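My questions will all concern the structure given below.
Order of writing sets the chain letters: A, B, C, D, E, F, G and H. Residues in each chain are counted from 1.
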């Protein structure tokens, strides 16, 4: 039941055109469905102020265009499209305000929100191979209105490189630690930082890295407190949650 | 929002004591919660005619007794308690109408429903070690009003034993195939029967049976059509779904 | 031993041309083989009224054509070919009555059976990426004479979308829940529906979805009663079993 | 090098008793070790205001007592001991201010901090078996100064139970979703809430739940944005990170 | 259908008391079941001359006694009971001719068959911990009439110990290689021997031996030709197949 | 030490040109190396009468040609090259006596040995997709002098197809059961046959077949006695061992 | 062939009692076996100067005593018994010179060798739970004549604790890094040290540590060069190899 | 803080231009970062005398060129680039002193160091398919100044081939055992050698070799003492650590 229908029903009751019992039955029979739908949606957009996100990978360029059109019609000016391949990006390049980041494989329609978070989100990677996932996280956070600092290629096997950034790590609002192979970055960062750390295992590596499983397990077992983990290569998820955390109490 | 509250609200609107806009807001803010709850519950009990089931394993005897009391109060005369250990059963033995099956580890309060299904549910096992799981399935099905036929210890390594029951298998309404180790029973039964087959892998076996994983994979890969699978050792799930299938259109 | 041979043998006995002992030996020595073969086949086609199905994936277009020819010769007018690639479909397109569904990768020869099931089969998917598998299930069910309703892209992360279809789910005869990634759709649907639910994990996802393993485990562990599971991406298996269930007692 | 040593060294330089080159060498040879140690420690205790935590499981009661004594001496009045067995708790019961929670297996010395977080931390569980892990999370959060709301036994197989708490979920500051078996709670909660969700898989279940792996994978694959995951049964980690998030900008 | 029934049916046809068509239908409806059963059983005992084997592990002492009684009644004088625990063996010790081997966990009723195989079966183990499984294999082979030679504790890490038995290995009729940990014994033996090698992985080891998985994989990947593998700890299976091989053409 | 060197040394001793002690030292210092090499090789070729086999997969066509040349020079007229791709086969087609089997991916130089085994080797497959692996087994066995009977596409889901071959199975000398998916063929065949059964899991299947793991586990867990298993898709290994078994006592 | 036999054979040749050809055949037929055995053994004890080690876990106290007696008889004064339980140690306590370390579960007969290695072996652990495995490594190294330095409880989550030992790490001859959970210690240590690092994963942890698998994978994927790994909990193996490395060129 | 900055600061103190307290604060606030960085780097290059290594796989040719330029500028004349594809090598071929090894996929700038190790590093492989990984190890060791001996294709299934190299193995300073499939080479070599053995599992194999997992587990479970393991296909890691070991005490 849509807003208008609900209002009409209530007006009918108020005007005596609909009995209380009939209205009662109508509401009893179908309460969750339409009310729930509209309600929640409204809440989300009011409170989050968040642009909607489109998961580009399993969709054709045509499907994405259709969704974007629908979103624009409903007043959604800013859109973030994740895991967008280059060829699909090319096919969407004529959409107004569209830009594409090849490294992060992100398509953006519209501008990033003005940074209004509590602190800075610091994104660190263990190696250079982890940068695409890190960029997906960083650019997602920027899209949602966060200042982002990047500390790349500071893997724990050369701990001094990481330690030379101790200040940035200690003053971060939220940390995102992106690493493949042994994924130890999350633990060391988790020990240095006194902010929430979101760990992102990547599929970088070979042999017993098993496509990111080694890093994933390592991060889940981190003996540092304050570390949680998202799916392998899920830069978007990390960036999105980091933004949520960074806007605590500011919604 | 409970029924009474909703009705009161609508009456307030009808009587002009509550404006349409205020009623609208009230309904918008809390529509899913209580209405949804009551609504669905009612539907379930009306349509399924099913006794409620208590998963006994993670609960103490005291907790189970409390739940049973609450169910009885709300008019639920028949209760099925699954994965009930002997000592908990002993502690519950003074509940009126309580009986316990040691093999199936099932506690039952009240009588089985009169069999009113479409056909017979045939429960087959590969070995004698699979019988406890099979009995859980069989007794669950009987509890919910089904005629059950047991064909135990007919593993495919002695295919003649299974084939000597071809008639029963071919005339079954629903088959439940319970097997550990290589779990091949499901495929052979699936090829013989022309009814839905629910396969239950069991943790019987050793070495590379990996606690039922071998049988589980085998059953999921069955090349026979019409076979689906439940969790390892989940006799209850198989018996319950078999009963649902056997009452198609009779609810 | 074929029908005709068996009949000839019995006639020889009746006419005294074959002694009882010799007939006895003949039947003893080869009872299972040919009798069994014919017998079971006959039973299947008589009772199931089901067209035969060809698993297209491991077969060449030439092999499929050969099988189809043999089936037609033996009077099988309707054929369903699963997991048929586009190029094989092209190579078979001159077969009379052949049609091809690109999404479901199904080839069909002949018409769908008239719907004559007990209820409606509702096919739901978590995301758009699950649709090919869902269509395989849906079209298989239609082929075997079922009315099918599709509810696509109702993943549990936006529970309101799913709940807006509560009525359809509650009135389904059989549900097929198709989902990749976390596969939670099966549990939620299993809790809403009071009909058998067949869950189909899909290989949609990345990272720790492990090609469908995550969804598979999730579905096997569903805490909803009445849910069983088929192999990853096995839309056909779900559709076929759903049809079996939907024709309970109507064979 | 400790503070005093460093100061003495600098004073020697200032007073001409130590050459610049010798001071340079001294600092070059051992810069990280002692300075780093002291420095970081100070930062942590100044900024976090956090009581230290003792992981009780691998330690004997005697070892724990020794650590607690050392902490008290260094001015640490409040201590949280995790995964503390009943018998160890009994052996520690004479420590001043010690209390023990049997369900959460937590020992606490001193009082909880006054709640001073941004919002409420809502802890939800799928079943009753998940409560011990949830309590570990909840009590940890309370220890660190957070208001906690518990919503237990709201598994997705009875979605209405969960939905009846939509308001609490929507107004949460941080959500902790604790579930075993299929772990779908995280996804549904993640879709309803517009706050960070920390998912805790539990080892509750049997068969293909594989000691929490099924729930873990499910949660990692959650299609809801804003969900991250901690180790199986790691209630403490979830409670600690939730507290960190809930104190964003308030350190 | 039993022998007598079949004969009676055929006589009825011969005497004109049963029409050919009725007899045809009777045979069509139930041909596999009873005929098949009797037929195959007879074949097995006639051809194999093999004593029946009882898998003792999942059965109670009472169940085993019942089976043994039934076997004796049907003329089976010799029985091999595998995976028989000490306490069950004690409970069965009054059965006539019963003996028990604690190491191999085998119960034997009656005498071993006289050795009548083609060659000698050589059983080798990598370590002393593998001996129980090796003894199960060796004693099984002896039970079925084979000469067995044991070469224990000749693991490949001390290759000279193994090589000092080169003659025995080269002159073996069948080799059984029993090893845990890295399971390399099978490959080395497979390279030395020019007879079939049956490899038995054992669950001996710790850490990454994963209960025998490491040895199992190693053996499956053996680059030596002529090696096949049985389940982890399945000494019986290896001994039984070795005996079959050693009696090729002598049945 | 090569044959000639050894002979020269002994002659030196006989002629008094070398003291016993010096000869003793020479033999002590290097006994294993060269003697061992030659000795074993001779034994193998004398006793096995087996042509050497080349594992073609990891080798270039040039490398294979080099090995074949060396084998021919040393008098090896017959060569079997396994896992030989079509393009490598084309590059080797000018070798005298070379023939190639596309299905089995086998290259053969020279003729098959005359069949001189004890019995017939029966190769069965579950489906048509398993035929390439089965042909690798069958042609390997034929190469080494065995009569081979093929029973293809007799998967257990249509048990009657398999049973119609009961006679062939019961009279087999050795069985090779080749199957993917659920791999149940091995168990059923193992129950019907009274000869050694070598099971070959294949990587045919999808989803939870995990590239042959499901079939592998199923076969390892076969409850039929007398079944052993080789690596996934290892048709050659099965054919080679079957030949060994079939030549027991005839070397 | 033993020394004496070989000498006798050569003497026969020298004296003309045995023809060169017969001697040649004798040596050809059995060269590897006994010579090989003696030869290699002598080499090992001469060069390694190493006491023999007994793996105590799978052996009874009686078996261990027997082996120790045999070793003593053959002149082996020092013995190291690994994985020795307390009760077995008690049963062996009357052996002369026997001492037992409860933490390391090591029994030692005789004294440690005088330290004569190239440098110091530094053993580090991530946590206190890893100490038993570390002690097994440390005491093994001491037994074989190495100076050992222990740095315990320096897990990477508190990187400053580890860094405060930078000097010891940088001046180590060989490092042994012992850690469970995420096992990141190996990578950080590997980056700081410029000596070989042997990593020992431990089974310390819970949930997704999977009994040491997480640490094992992490260590195998270490991005630091110069790190190699031994089996989970294999302290002995690490200590033994470290000693070997530390005695390079000093054998 | 760089060297110069530190010196300047100390000079300011010495000259009275900076108070002790201010200097103290400056050093307290940022001690780890820059000093640590420079310090450790210097230590590494002074002590190791090792050329820097570039992991080529995840980097573009342009990125590699940039790193090489920077290294040259800082005085690094010799560079080793690992896992360098042929096309990237082609793009870098104009760099002065660049050479490329196609088999080992290594790019080298400059000359190998003069061999100055303690002994010879012996690299052995099980098969020909393992040679690329072995060459990566061998050439890495040569680059760092080691004499390397190659023993290829000596898999344990033909143990005589391996044993014919007993002398080389017994006199090795360090062994590198490279093998796929069952990986047994490491155990046999570990038993023969009395030097440290570094085992490298390779991804050579098929079926249950699982991309090197079988060999990896086998090597981790080696019952030979003195064996440690690196990641699957990690030839570089083995060569680098072997070189470290071979230069013990010579840095």
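Note that in this section contacts are C-beta pairs under 8 Å (C-beta built on N, C-alpha and C of every residue); 3 or more make two chains touch, one makes a residue touch a chain.
Please read all numbers here as calculations on a predicted model, not as lab measurements.
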item: Those chains which touch chain H and also touch chain C; value: A, D, E, F
item: Chain whose average C-alpha position is farthest from chain H's own; value: B
item: Same-site or different-site touching of chain C by its copy chain F, using the half cut; value: different
item: Separation of chain E from chain F, taking each centre as the mean of its C-alpha atoms, in whole Å; value: 24
item: Between chain C and chain D, centroid-to-centroid distance (C-alpha), Å; value: 50
item: Averaged-CA centre spacing for the pair chain C and chain A, given as whole angstrom; value: 39
item: Per-residue overlap in chain C, given as positions that touch at least 2 other chains; value: 32, 36, 39-40, 127, 163, 166, 192, 207-209, 213, 216, 220-221, 225, 231-232
item: In contact (per the touch rule at the top): chain pairs; value: A-B, A-C, A-D, A-G, A-H, B-C, B-D, B-E, B-F, C-D, C-E, C-F, D-G, D-H, E-F, E-G, E-H, F-G, F-H, G-H
item: Chain C contact footprint on chain B (complex, rising order); value: 32, 36, 40, 43-44, 47-48, 50, 53, 118-119, 163, 170, 173-174, 192, 194-196, 198, 216, 220-221, 225-232, 236-238, 240-241, 244-246, 248-249, 251
item: List of chain G residues in touch with chain F within their complex; value: 3, 6-7, 10-11, 13-14, 16, 19-20, 23-24, 27-29, 31-32, 35-36, 39
item: In the complex, chain F residues that touch chain H; value: 30, 32-34, 36-37, 39-41, 55, 57-59, 63, 201, 203, 211-213, 216, 231-234
item: Touch list for chain E against partner chain H, complex; value: 126-127, 155-159, 163, 181-184, 186-188, 190-192, 205, 207-210, 213-215, 217-225
item: Chain C partner contacts - residues on chain F that touch it in the complex; value: 127-129, 160-161, 163-167, 204, 206-209
